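Below are structures written as structure tokens.
Below, chain A partners chain B and then partners chain C, in two separate complexes.
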Partner chain A sequence: MIEVRFFAMLKKLSGTGARQYEVSEPITVLELKQLLKEDMPALSEVLDSRSVLVSVNEEFARDDELVADGDVVGLLPPFSGG
Partner chain B sequence: MSTLIAIQEGPFSVDTLQAEVKKTSKGIGALVSFTGTGRDLSKGVDIKGLDFEHYPGMAEKKLMDIRKRALLNFDIIEMAIIHRVGHIDIGEDIVLIVAASAHRNDAFMACEWAITELKRTTPIWKSETTATGDVWVTDTP
Partner chain C sequence: MDFTDEQIERYSRHIILPEVGGKGQTKLLESKVFVLGAGGLGSPALLYLAAAGVGTIGIADGDVVDVSNLQRQIIHDNNTVGMAKVESARKSIEALNPDVVVNTFNSRLGIENIREVLRDYDVVLDGSDNFPTRYLMNDASFFEGKTLISGSMFRFDGQVSVFKPADGYPCYRCLYPEPPPKGMVPSCQEAGVLGALAGVIGVLQAVEAIKEILSIGKVLAGELLIFDALGMSFRKVKVRRDPDCALCGENATIKELSLYEQAPCELRT
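So, the complex of A and B:
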């Protein structure tokens, strides 16, 4: 199971704080984004805009990195701390 | 070290954190602090209040990483960072960075770098409450 967490405006857009996905084998971050877009069309535009960063197990991850069973993925909209 | 890096809901004391940093070394000759506070105007729109959300775990890790890199890359003795989350009223403090060094210039440079790096790398998000509703901020100067 891959857990995907949503923050800030993405939490509002997706209507949830987290969602879990069953995968039979590791998939890339890009493939996970595609899966998310199919599952939650409301996220399509923002995921395509590339303004959203992705973390895997609390480290920033590129589109070609692999995500596997047990990983926690964060969808991170533009930061505005400070 | 844990008291030097924190993300918390409640207010913080600038004096207390400065004292924490100061007691780490008698070689400290300069303390530079940056405090970010909630203001009532953003891009010409009146702001009634602010709400901050963070990614628990990752945000703390990023602050610890900023401190570690500041200690490596600047000639400073210590650095502390506190960021508040949850609701913040206008005029309240949001973030505090304290940099300590033997001489002032190193602490000034490290403090300026740290707040810029925090804004760039730390998963914290701000929502502004306006007369027409709450708006997530997506760009910060």
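So, the complex of A and C:
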């Protein structure tokens, strides 16, 4: 099970704080994004935009890095307010 | 430099800290910090930087004080409503600590002169309220080799990080190569923010600026701190330099400053 957590405005766009995905083998961050887009089309534009920081177990992860069973993924958008 | 009796008393709680001492306090008095935005984040940051005896503080903001600012922008008050924010901030700082020299920039900063202005400062603090300015400050700080202490907020959440690409740490673009699409930028109705959150985040920025000047402790370089006020939790995410970063990467494509457009609503505080 991969747990994906949504933060700030992504929580609103996805309509949820977290979601779990079963995977039989490790997948890349890019593949996980694809899964998320199919599951929640409202996230498509944002996930395609390179404006969301993806963390895997509290560490920044690039699109080609792997996510495996038991990992916690965070989707962190930037904030503009000051 | 020699302290006056008044300074020894004023900074005594710093001077008795071994990590600061007279030497550190002198460093602070000789330091120059540039603060972009005298708003929610800038207000508390400016007050603590001034109280700490940062010798020169540059403040840039093009707005005037509005009553709706006072819920969080604590450097301003009822008596300065209608006044330029930079002047209102100067007034508060001068009342707090006469040791501080304040330089103000009221809407005269842009692509043409921002680099030249930053050149005079040691540390840059970003408390701006829109993405175009955040990217501009990141790029200008990178080109001038200045440490950028970034803070930002959304409703009940805040982020803080220290960008030092000159020392091998990531810049803002390493984390966020592109600004978010329109759908992700909060609308006017959604742009509310918990006033006291600005205090938490702005003061964390001041703490990082002071540590950076004193070269003590470990700043949030290579780390993104995320504060959730409702859950009352602090989390840190490890971040790293992107070798493909368009600004600080090996094959950088951004060679000069530029500004992109954004919807007018989002540009407002």
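Quick notes
As a working rule, the second predicted complex is superposed on the first by the 78 of 82 C-alpha atoms of A that agree within 3 Å, B and C clash if a C-alpha of one lies under 4 Å from a C-alpha of the other, contacts with A are read in each partner's own complex, and residues count from 1 in each chain.
Assume contacts are C-beta pairs under 8 Å (C-beta built on N, C-alpha and C of every residue); 3 or more make two chains touch, one makes a residue touch a chain.
Just so it is clear, the model here is predicted, and its values are computed rather than measured.
Within the superposed three-chain model, A:Asp64 lies out of touch with both chain B and chain C [touch as defined at top]. Using the contact criterion defined above for the overlaid structures, shared-chain residue A:Arg5 touches chain B, although it does not reach chain C. By the touch criterion defined above, A:Leu13 reaches chain C but does not reach chain B. When both complexes are overlaid on chain A, the residue A:Arg50 reaches chain C alone and has no touch with chain B. Once the two structures are overlaid, the count of chain A residues touched is higher for C than for its counterpart among chain B and chain C.
In the superposed model, A:Glu25 lies in contact with neither chain B nor chain C. Of the residues of chain A, those at positions 7-9, 51, 55, 58, 74, 76-82 touch chain B in one of the two structures and chain C in the other. Taken together, the chain B residues at the contact with chain A in this complex read 36, 52-55, 57-59, 61, 83, 94-95, 115, 118-127, 136-140.
Per the touch definition, chain C reaches chain A in the complex via residues 37, 39-42, 126-131, 134, 151-155, 157-159, 175-181, 183-186, 190-191, 193, 224, 226, 235-240, 242, 266, 269. Chain A makes touch with chain C in their complex at residues 7-10, 13, 45-46, 49-53, 55, 58-60, 62, 74, 76-82.
Across the complex, chain B is touched by residues 5, 7-9, 12, 51, 55, 58, 74, 76-82 of chain A.
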